[in-house]
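So that you can tell them apart, the chains are marked A, B, C and D in the order they are listed, and the count of residues begins at 1 in each.
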């Protein structure tokens, strides 16, 4: 067990059966001569399963890839997924179970942002190396948490990027924005505000909706009445679809910006023609890019046909996170420990996965900020393609 | 005392079977035993009969089991966890004790429930229509005409919400509603309850008229023995779940004990001595 | 002005869907004195069944309509027979809790059988644009308004004039006495459940056709609650109007105030209304005389 | 062994227990509970902790629904208010945790007065829906009042330190929850045998009759709401501390249904029932997990991705099953078992 965090772990130890605790100190948990146990907590049921399940596929493919090549220094990777359904209390339960019942070696997901925050103290105090590619809340990396690594981009950065990019494509146009009434929404708005402070465009419409709302008739009517010429849709899936379709009904065809969160093929299928003017920014490459096509080709070697149908951008992000974690473990050699893995993660620079900009961590920054690229929906093939 | 005996006013103890002959009777109940919640015995070994064209009164104090018999006859005991444990109910030669209430109504046995139980939010007209739920629309129109003739006041108030009518008018609706399906046997549960004397007169006049002019058969459950005996042809008196006395109405009305216990016409009304009380107790015991 | 007309039109359209579900609430309440907390879930289940049907047999409008009605009726009858009738005689509260249990089951069943992602309903005709004056409406929106209007008139006539309708009202008021009048109350209640589920199912299918099918459709049930309460739980017609009112108020607050207030405006409204009129706008007050 | 259950005076009737064995077993259980952290592993300890603070909330709801017969479908509203009452006091303003727990009770209690007010006019289902509306309105209000509550960003909650004791460790937090659970149980049991409790139950059985017996309906109904909200609020604070992060999203409407399920499964109006119900409902996921692991591979395949759904269906089935086949709940079953044990081989 991590010696540096031992004092903080003492509390946890008091809660453990004495024998188990001493046993855990003796050898690194989650690792045997033939196997390395990796844990994930994610929503694989309920509506958010769309992202959670896709993520597990990415991790699964990454593990399969490594295992096919002989594993990590001869040890096969085995993955255990705990389903939290995006419910905070279940995330806590899930992480607890992974730590103390399954005794995994590392975590490759801490579920969503709010869920990640909920388990933050638990994960921090345990000292287990963890990487979070979905829940990217600021508190997970700043101030620095010794054993938690974050890869990707923040919602606010994504929102800022899309506003900047679309403003550049449509100079001098006024904006409308609507966000969800939660953390995700407020971050989206923060990014928007940063771009606004810099570019000083007009904001014709600015509103907030309640999570789960389906009918956007009055909101989109207000947007139209406000005369906004660009629109930042701060919803996720069903909400963005609802908005786009409502705008189609009103005959108000303006460029629509969205974050990477709901950038999945399902959304395009649902939007139909209403999605033809939809833009997004993402830190993973679009499916319809050269690299994207090559990656999906590779995935199909490890996943079944059904699983391939369920892939989306979260498969990409899951793959990136898993590869980074596996790389760090393998760099530890024959006897990987938590400390070593964390150290090697901190030493990871310009690690290439081929589907995003290189991943780099350092000892004083555990957040690998990946570059965001602009992409546009192609409703004919139900995928996104790069814009340039 | 054996339970299958009744004390007839006319001749002491007689075998009840002598009084009951199923073939001639519209309704005959034999050895009925009703139990609530599988434990509380409400009615035991009751036998009684109603012959066509007669008004038969079922008298007794509160809790004697009169209403339970009516519920048993109408097949609604199950709504109160009641169950017929023994005995039979024959209506026009058919055992109806196992039938569902709607089928019993279909056979021509209709009840006017205690406390009237109108469908309060419905209009008078709609209440009456409910009474004729099982008859064809042509018959319905005829019956409606008949009821309005019987109670002209209801015609005036046909479109009124029944819940806001006066007690007497409500009782008229209740009786009219029951008559809508042209029943072979009309059962009334305490029609006089809570009504002013002149309203009771009016209702009872209608009952008498129904028997005399329309040949209706009526089973009348009453606490108000005095009034009931006035119009009944035959009467049964119940106590503690059993029939303790039966006989022709006029004979009962003149019976010394009935007078004292049910009609409140005790001859020794002034200055009761201890002896009287003892005598009372003894007779009371004998009666039950 | 056009803005107001637009808000009104779309408000009535969404209100009509709430209204249909509210009618479904009222139908069950009226004949059994129960609130079916699974009403939104029933709507969702019928929508999913219809979606699966359309996927198998094509999305011909008549086929879909017939299937919706059949699915709604069967679902209603099954629920009544399996869950509600055996509970007869238990306290109302227990039966209401049974419907809550049913709601949980139906929600999970949808996720178990199908998946959690939203899907297009596949009824193209519903999303076609219709131009009325200078406002664009989806065909489905116009249809659902018409559907509610038709059902409104039909149910008004049914309860007012048909003998079965009167019997239903009688059963609602006093089922024991209705029994004494020869009404087969169990059958009346079964019919009420079937009708209620069918109407809710229609609303579910319309909603799914307009806003895609997804496992959170049940939440229209939550929206219809205020509508049903507002109209008066025992007033089938009042509930339908309640739906329109809630739809309009939502759109007005959304159009003139803010979107977050919009989503709870229905609830705020009913809390206010109930304080003044405890039985809703059109609901029957308890007749104290009796 | 007792041959029957005879009470000879009111004192005996309202005593917490008249049985030495019950008292003994309770003491033994208490000792076992206090010592539990020494024996249980972290996962199990976590589960018992969840049971304990869930129990506090369920007991709170029981005062309202079980004792007073007022139906609430908005209890999650009190729960979230309690969590925020604590989180705002401790998490944002850094005040003493004790004050936090006090606020966690008081804030919902005040809301209880507001929500309870309609109960004077509304009955049954209408009241239930008003309380449900309240839960939705509260959520929006918390999100909108971001100057007080941090809005959608949520509030971080450290484990408290009180009287020089740190509750940071799981074991210490467990003991804190145990303390509150025992306190809540004591309050519940004692309300039952007090004047207040008897007034509540009189209102439940027939409020008009209760009023005619001189029970002040307004005061007692509001009191029931206040007490219930206070206890539920405390549970909310503990839940928040357990999660270490409080957001509105963490308190879904599903929690209300869970609470109802606890009361139904346990047996409405009985403290023992609430305890049994809480244990069953909280452990249900674990139980189903074990049960399904006994089944074949096909079922496990389903469980891999659909575990939550299967569990929820079971949830619904259990609620309905208890309502349908044993409305007295677990406490009824327990009593039957007890009776059989004492009287066997006689029937009664």
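The working rule: a residue touches a chain if its C-beta (ideal position, glycine included) is under 8 Å from a C-beta of that chain, and two chains touch if they have at least 3 such contacts.
In this text, all values refer to a predicted model and were calculated from it rather than measured experimentally.
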- Note on the structure: Most remote chain w.r.t. Chain D, using mean C-alpha positions, is B
- Query: So how far apart, in whole Å, are chain C and chain D when each is placed at the average of its C-alpha atoms?
  - Reply: 33
- Cα centre of chain A to Cα centre of chain C, whole Å, reads 38
- At what distance in angstrom does the C-alpha mean of chain D lie from that of chain A? 36
- Mean-CA-position distance for chain D and chain B (Å): 52
- Contacts with two or more other chains occur in chain D at residues 140, 143, 306, 308-309
- Item | Sequence positions of chain A contacting 2 or more other chains | 45-46, 49, 181, 210
- Would you pick out the residues of chain B that each touch at least 2 other chains? none
- Task: Using the contact definition from the top, classify how the chains connect: line, ring, star, complete or other.
- Result: other
- Message: By the document's touch rule, what are all the touching chain pairs in this structure?
- Response: A-C, A-D, B-C, C-D
- Note on the structure: The answer for chain C against chain D in the complex is residues 35, 83, 86-87, 90, 92-98, 100-105, 107-109, 111-112, 222, 225-226, 229, 233, 260-261, 263-264, 267-268, 270-271, 274-275, 278-279
- Complex contact set, residues of chain D against chain C: 71, 118, 121-126, 128-130, 132-134, 136-137, 140, 143-144, 257, 260-261, 264, 302, 306, 308-313, 315-320, 323-324, 327
- Would you pull the chain C residues touching chain A in the complex into a rising list? 3, 6-7, 10-11, 13-14, 111, 115-120, 127, 129, 136-138, 207, 211-212, 214-216, 219-220, 250-255, 258-260, 262-264
- Note on the structure: In the complex, the residues of chain C that touch chain B are 89, 163, 166-167, 169-170, 173-174, 176-184, 284, 287, 289-290
- Inside the complex, what are the residues of chain A that reach chain C? 45-50, 178, 181, 207-210, 212-215, 217-219, 221-222, 225, 237-238, 241-242, 245, 249-251, 266, 269-270, 272
